[in-house]
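As structure tokens, here come the structures.
Next, two complexes with chain A in common: one pairs it with chain B, the other with chain C.
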Partner chain A sequence: MSQQATALPPEAEAQHEPGYLAVSNVTKRFGAATVLDSLSLSVGRAEFVSLLGPSGCGKTTLLRLIAGLLAPDQGAIEVGGRDLTRVAAHRRNIGVVFQNYALFPHLTVAENIAYGLRAKGVPKAEQAKKVADALGLVRMEAFADRAVTALSGGQQQRIAVARAVVVEPSLLLLDEPFSALDRKLRETMQIELRHILRDLGITSIFVTHDQDEALVMSDRIAVMNEGRIEHLGTPSEVYARPKSLYTMEFVGQSSRIGGVVTGGRDGLVEIDTPFGLIRAPGHFLSGSKVVVGVRPEAIAAGEGPAGEYNTVRGTVAEVIYFGSRTLLHFRTAQDDDRLHVELNRLPDTVSPGVEMTVRWRVDDSRVFPAPAGDDR
Partner chain B sequence: MALFGSLFCRLVLGFVIVFLFLPILIVLTVSFSSSAVFAFPPPGFSLRWYASLANADSMLQAVWLSTQIAALSTAISLVLGTLCAIAITRGMIPGAKVVATFMASPLMLPGLVLGIAFLQAARDFGLRDTYSTLLIAHVVITMPFIMRTVLASLSLFDFAMVDAARMLGRSYPAALWTVLVPNILPGFVSGGLFAFIASFDNYPVSIFLVDVRTKTLPIQLLNQVEMSPDPTVAAISALLILGTIAALIVCDRLVGLKRMASI
Partner chain C sequence: MTLARDDLAVASTAKPARWSFDAKALIAAPGLIFMGLAFAVPVLMLIGDSFVDRDGLSLAGYRKVLGDPYYIGIIGNSLQLACITTAVCLAVGYPAAWALARIRGVWQVILFALIFLPLTVSIVVKTFGLTIMMRRDGIINFLLVNLGFIERPMRLVFTEFSLYFGMVNVFLPFMILPLYSVMRMLDPRLLDASASLGAGPVHTFLRVTLPLTMPGVIAGGTLVFSISVAAYVTPGLLVGDRFMTMSQVMAKAYLNIRDFQLGASMAVIMLVISAALILASSYLVRTPGGERR
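Showing the complex of A and B:
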């Protein structure tokens, strides 16, 4: 089975009122370190946006700034047209689901959920009704009078979500809420939480370092690096058409082939690489050092028509079997180059050391300038 | 063999319990004695020593003074100690561990040394008032007990809960009051109880600081035993035991002895 085209999922029909959450030119420094560097982000009403990045990229700091648990050095934060930059955290009406849930162990499940309602002075009878509704929403009705310490991780998370949404916040922030769950449960909870939040129509900002989580859950993903947003786009944009090498490599697997541009025309460039000549869409001057990235599933075995395809020959270095798919690694003399190929059906003859021909569409190649200090 | 081992252990446990309780039982019995001397077993029973307490002015004064000093020093230590403990766990202070150890160090110094030091310091600072000198010294004595238990409670406390409370609409002080305080209450209560007792029955430090008119209970009791060893002392002790039991019951109702013991 050949994989002709990169399968682009249908874009979600995003009809989000733009600019509901507006973060404008926010800078935050801790001592000499600039954690956020004049960052701007606009999120539509009822949109689910993930902040995706490695630890230390500033995503949690941005979350805490929006929450009001930290104050920015510069810039402004608005929600629904209301400037919150100087508003105290407890007056912002923003809900947060914390990483370890931060449930109150001295209160029962129902009391935990009622906490925010009590703080807002909601009448007792209404409190009871809202708590019951919230418990129903997360399917935890039977647990109202339990101690939160007696709940499992997944159950605690449901309560944390119920506690945050019961006060009808104008914005919901989620700080790596799945990191404490095992993989199976995590996948179930991701889908369930997505449904709950979509049904409530609540605008959500979700912090994660897990790209799969971000791809599954988000309307849009903001890929963050060193205090800046590298790429803000829908999951398919971020995955299939990354704007930078960083995004390409952080989200999903990719091949990385270094080379030098030898020429180009009609919006295509020709690049001399250790795997031979490769063509890719882009505009670079001849002699530029570039890096070509290709998603592993865009590559197929065998030759393709020369006009539309890049065809290269290489030696298989490693075969990694996953059951439903197999990953082949090709290497060249230069250690940094790698060609990762994902195949659903493996030709019988493939084993480490065997020479093999593979192809991918020219359009599936992404070219980026070689990172500074990359001397090849 | 296992049966014998378990039996032996139970026997030892029984002996230790008897060993611990016997002196208390003897004091309780003697306090109801009809004899004017400290005799066990008592020749007869009466309530005369409890009645005589009403006239034992110096003794009652000492009880009152000790109660005041213990209560005040515990209260001061609770507030100061908790603030210090929060600073040590949250404040990113350089050498926080050293500070914590230093705050607990009065527990490791012999009381005699502390007593002499306080006497000397009070003189050098020109502090003549016995009451305030005693109070200051007792704050130092009680502080380690508060520090120890509150630090232990705080180390188990997730400060994200305070953030959670703030995001749910409580101001920072209200968040501390509704989330931090209930969760470290066992630490407060058990620390406070130990601190109160440490101050109440402190002898080695207080002996250097009291004067003729201002005497704490342990010192007054010892004077009494030396001068007129009648069962009034036993009656006072019996009442103290009663007070302690009452305090434990209150603490149990408040936070539960199990939670207190686990701190």
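Showing the complex of A and C:
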């Protein structure tokens, strides 16, 4: 699996000079709780990397450590070859866009953007020009003299971005910057921000708990769990070839089927599950407890050729209609394990209680060791 | 935010004034009626008194107070007392309020208790306690002598030092409370944002922290100044007649020499000083030096 992952270098990655941001073995504890556990992360120049994980996974702590707003207990942080571990936040030249934007309420839009330039002693005339350019970049020229408190969420967001990039930071950190926006606006801003940052060539670290946001925006995604990076890869790697059950379940929808390995050959294992015998790529000892994960869109109605496909029979438990697609919950008679099946076109016969057959390619099955304490 | 204007209040969410009648205002009626009877009426009578002597209308009271270097000196004393007390309370109270607003858990409770429990002790008790501490055989002299800083006990009570010490002791909580309530509302991420933009601690303090806490500084300063300019008990107990203040003159005018016009005139002058200060502070809060919203 890992061979496959490295065999797919996206064009984007090739042009990023690697190791521009290097986080090495960083540990951070708060009292007895270890929030980051010897975490390492390497980000290329001009790359856009998302830290994706649920609240409490340590992603915001990592961001604050990189920004210098927290000090690590162990480990080192370098940007562009310069060791910043013991450098104060205001000497790092790392920009931050905060979740609530953190605009200065006593300053106008232009004064907010000029703040960093002024702190760095940029001459007045140059300040004015840069502020005007930054306002143009986020298409907010008309708002220069407004009070920031009079702006809408999306407008405040643009000003926060302009304020952070106008000082030409060596790295830009974004802490869930879209979480306060409604969905439509969020989608527009995601694309727009991505364009701005790509044009400026700014290396960016983006913290989010929203998997869709991470998939849409990132060059690479670091899926985080309990202070560690579970999987670092391109969006398509993370989605299609997750390295762990956690990544598979956190990013996108999936079905999990518990079972016991009964044998294997040629890089395939056979697994006894409540849905019958399932085959999947992998290497496990016979008798191992495993979990098979399948993406809903990989599953189709009807039977398939036995060699290439897993075919199971069961009952439709629920039909969930999304407009462009339909999700079925599909289960066997004797067990509660459910398959989530996604269909673009719903056969007329399908309704709850109906028996049907579904299939998916053996290659689309991912096998993971069953988590400890999981009896399913 | 219009803190000082909202009667030095703790609130920070300001709404635009609307002139349509709101029935909720009636809830304030008992308080308003009481204040009308207990405050407005006596003040109006006092103002009346200041313009009247035994022979009818007269400005003799004001002529006496504003024309006699002795009384001018006393007004000066009161202003000096209030200014120094306010300045020291601000210097000591600002960091204390900051700590109170930033700290969490049990230490916040302890700090709160340390700062606000003294408010539950009467000023008279507190001030007498201070005089006991500062006596020639009191604990301060005992410590200074035995630690070898001085050879023989020095006089502490009835000095200006003891006066300012006592005033700050009494009025410090009134500075900390409004500062604390403003600082608690200050988003700590603004300070992070400032640092991330390359601003050092001094720049951040001058450009972000201070402007955003200015309403608290103005509210606390106004409060401490206006109550310490009128202080009576503390100066009376700690320095007595050596350092006469406006309040002491008023008391003497009413109680000893029974010159009501003199007392009333002095009272009106003090009222004007305090009112001017409160008006000025509410103006300051609304101008760019304070906060612009």
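The definition used in the following text is that the second predicted complex is superposed on the first by the 356 of 376 C-alpha atoms of A that agree within 3 Å, B and C clash if a C-alpha of one lies under 4 Å from a C-alpha of the other, contacts with A are read in each partner's own complex, and residues count from 1 in each chain.
Here is the rule we go by: a residue touches a chain if its C-beta (ideal position, glycine included) is under 8 Å from a C-beta of that chain, and two chains touch if they have at least 3 such contacts.
Just so you know, these numbers come straight off a predicted model, no measurement behind them.
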Fit-or-clash call for chain B and chain C when the two complexes are aligned on chain A: clash
Chain B versus chain C as contact partner of A:21, first or second or both or neither: neither
First, second, both or neither for A:149, with chain B first and chain C second: second
A:290 touches, of chain B and chain C: first, second, both or neither? neither
First (chain B), second (chain C), both or neither touched by A:222: neither
Which of chain B and chain C A:67 touches, first, second, both or neither: both
Partner chain(s) touched by A:167 [first = chain B, second = chain C, both, neither]: both
Which of chain B and chain C A:131 touches, first, second, both or neither: neither
Overlap of chain C and chain B interfaces on chain A (superposed complexes): 67, 69, 88-96, 98-100, 102-106, 115-116, 119-120, 163-164, 167
Chain A - residues contacting chain C, complex: 67-69, 88-96, 98-100, 102-106, 115-116, 119-120, 147, 149, 163-164, 167, 173
Residues on chain A engaged by chain B in the complex (per definition of touch): 67, 69, 88-96, 98-100, 102-106, 115-116, 119-120, 163-164, 167
Chain A contact footprint on chain C (complex, rising order): 187, 189-190, 192-201, 203-204, 207-208, 211-212, 291-293
Residue ranges of chain B touching chain A (in the complex, touch as defined): 158, 160-161, 163-172, 174-175, 178-179, 182-183
